[in-house]
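Single-structure report; data block below.
Going in written order, the chains are labelled A, B, C and D, and every chain counts its residues from 1.
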């Protein structure tokens, strides 16, 4: 099948490669000509502009936009909307806010264009492992593009089958789902990231206790000399917390058990924030997901204004003067 | 009435003064002779040692220990236990862990000594406003000492009376209660402090949002120029959040709206921690009280080990390199 | 001064009364003719329709809309916008989302109409105590209406003055502030409510531990018989947690210490939710404010889907079957 | 190697079986004779009493106590201490509080007995998958018993090796570690469970948002029809949240996507609580781990006293009457 790809960063480039390796054909475009040329040896057809990309695709076209969420994606989609013809499809593979997907789908439909949002997990590992994809689209559009999704997905692989699943392998087992209408793909991906934040923070807090238990600030008789790398490693073997995130933690701890190589100034992306907004909108209590996000906010600051206010009140009622150690 | 006082810091000294001003008699002792002498002009009788203090009191004696919780209090009580006679009373006015009170009361009873724990709130303001006291004791012992408590308490004052309270003023309305047996006084005081942490953190977070809304890091069209001092002030007038803590906040913000004079490295005392332990022991969900304590722990650190682990995982799955700004 | 008031519920009615009692003149309208008539004996002039109200006011007019946030307020403002003349003012005294204020102000300005948002705290108590008001408006519009705000506000009253405030009494000390442009009033009020949620939850959790400490489910030697009403009462006297919310708690506990008269199914309003959204937008960590909101969400449910999922996982890895007690 | 096992529930029985299958020899005892007899066909030697078990073991003996934490374990260890001889070892494989381990080890050492604490994860799956073990012991004692641990552990298996580990397989890679002195094993296991609570709650909250997004209580245009079973399944394929807990979730959702078969009244065990106590003791902020525990406490109650207090305050300041829906 043929696919246009706009945006050839790590993700866009690897999507092209994975499709080309498996018999599909891609026409690729990026503002950086170098990025375009890098894919040509693998068989991709380069384009010099969005218009050129559109011209090189057969109708009905499908164009995958793989750009940073927000203005870069929005502007490109608007430009494409003017270039494309009825029945063509625009796919947003980025991290777009699900309500923006719904808005766009509605507005493109007025031009008889179709919109698909693909939430992907797997990041830098996707070229080899495949991409886990959650897709929002009209059913007909989804089915038209399904050969692409099937190729990009990890496939059934060697993972033990879920108990109770014994009929033919479903899409979910192959690594992609049709989550619902436009927006539903990014909604499910957003929640995935919210959960990811929570799991990461659970590990972070637990290992913080373990590490602190070694601290010379504890009275000697309370102190251990725990090997955090070995603890992560042993938990990979049959424990309840075994997970890919634990595997990555074990990787990191082998060479740097004190994690001195990491700043601890932790970024957050839109999905983590939108997850909380969605929970608030739907009145779902999410203390863990929210705490995880707040820990990241806090990690990027020295003393907050709120902390200083605590100091000020303590001075007010108790005369306590608090000095930064 | 006569009272021995051991430990003449701010609290112990003012307790002596407030009692002396109101017709009681105190015998006072402190390791610092200067602290002892400072109270003599107000009429207190100085003692040179614990033994001297005990000798100068009439039986049955009452000795108020006003020392830091832990070893200083524990050691003094043990020493007093050897000096006192049956029916004498030891009062712990410090911030002792309530389970230690119960243990001590039991052990002193074997020597026919009585133990009273007094949780006090009011801090540096107590000399003038009076001390709000929560008292754990056997009933007979409590009643024997009640004239002291009545004097130390704020009294009925000018506070509007609680709806539904129309009989004679109760102890609670005068500012002291007999909470229960030994330990109950400090238990109630502990919870008081737990709530205090939660209220302080609620103000801290709210004002943090207000202050951040002025930040140049926000896009200009989203930014306000809020006057946090005036906001605290106006809330003192008829709003739902009016409170003594808000009064103190308003005080602090008048002269230092940016709170630059405060470190934001916030201490915590035993009570805040024990409150969480008690909640865990009793299976009570206390997300706000716990979060308040954790915010203080966090305020005293730069990057936590946990934060670094988040950075490490993010590098692992996404290749993200996080730099401290 | 003259003011039109639309919406004569508890708030709107009392605003009219408080203004009339102090020499202002009101023209009032409500869908319920009865509500209109109820205010006439106090001197208010009744109107039969929005158009009638507008007709009865002198230019430049000021109309205070005191209706539920959302459609009722929005529709009324739109209707008024068509009836009013250049330089007239519309005041929204409800609980509108601050971003809606900014949008409206901009759109009304195109018609040379002015928009003012007033966040008020004080609820059912405002008629007597006065309303604490946070106001968003252009400066000129704010100043034009200031006589009304000064009358509605609590005034300086008997509250001890904040340390460091010694010049002439400011607006904040009289109980109202000009917070900033349109939206700023509701923004500050929103944060007020966020803090209010946090303070309430702090008390709720603390008293929950106190009450549970009496529970027969605890081993007898750990159990107390705490009098929660007396505890609330004694804390009103000189303790750090003294506050209006504590006064209200003390009121409730006098007659119903077990709180059997209350469902515990706790509502939340927009402000609590928007506070979290604002914190997330501004990257401010607000664990206490968020936990307080989530506790309310949780209070309205029996078992959540999330809880059931925990049971399901526990069954999966440990064979645990969990039965509702 | 020879091992005595006391307590033949699911865990104790399977430990015996796994050892017998791999060439070790077990002498087993349980209060239930039936439990003892059930293991004889597999080659275990039954004992009729603790004394009999001790008598049937060669010196220096090793006895694994696999009983519920608390009194059952404590009493059995005390009884064994009287029966055993110098240089014998007692192993506690249960979920004991790590400070109790340290206390016991010290007290047994006075009798020249050795104490080993083994925290195990893997639950009902351990017979086949092996047990992931975290072990606290003196080094010599640990090494003496190592053949047993090596057999019980999962072994290297087929799990991809951690990056940077390329020398001979370590103990951690075989599935067991010597964490430190007595108590360290259970300490590490305790933190494991704390993390487990956090991860479970992260999934629970995320799926709660997904499920609620299907709710008829949402306006129709906001509603999706998400297939939660397929979502869990697709995330097993290459996503960042892939984990054993997700596998179990996928299992549960295949047959019961509404989770109607689960009560949602979620138990907690000592480890979850002790994790919070340890964090508080060590001043580590653990909002996620604490929130996870509190969610379980909350899940077992209808309306809390705290919730009712919120209703009471809301009635107090706003006249709000809250009815349980």
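Here is the rule we go by: contacts are C-beta pairs under 8 Å (C-beta built on N, C-alpha and C of every residue); 3 or more make two chains touch, one makes a residue touch a chain.
Going by UniProt, the chains are A, B, C, D = Decarboxylating 6-phosphogluconate dehydrogenase.
Owing to the predicted nature of the structure, the values given are computational and were not obtained by experimental measurement.
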### Query
Once you count every C-beta pair in contact for both, which comes out on top, C-D or B-D?
C-D
## Note on the structure
With centres defined as the mean of Cα atoms, the chain at greatest distance from chain D is chain C
### Message
Centroid of chain B to centroid of chain D, CA atoms only: how many Å?
### Response
39
### Task
Let me have the rounded angstrom distance from the C-alpha centre of chain B over to the C-alpha centre of chain C, please.
31
### Message
Quick check: how many Å separate the C-alpha centres of chain C and chain D?
### Response
47
### Residues of chain B engaged with two or more neighbouring chains
123, 125, 201, 203, 205, 207-208, 212, 240, 244-245, 251, 283-287, 291, 294-295, 298, 300, 304, 306, 317
### Message
Going by the contact rule set out above, which residues of chain B touch chain A in the complex?
### Response
10, 123-125, 200-201, 203-205, 207-208, 211-212, 244-245, 248-249, 251-253, 256, 259-267, 287, 291, 295-296, 298-300, 302-320, 322-325
### chain D partner contacts - residues on chain B that touch it in the complex
240, 268, 273, 276-277, 280-281, 283-287, 290-291, 293-295, 297-298, 300, 304, 306, 317
## Note on the structure
Per the touch rule, the chain B residues reaching chain C in their complex are 121-123, 125-126, 129-134, 153-155, 157, 159-160, 162-165, 170-177, 179-181, 184, 187-188, 191-199, 201-203, 205-210, 212-213, 215, 218, 224-227, 229-231, 233-247, 250-251, 254-255, 275, 278-279, 282-289, 291-292, 294-295
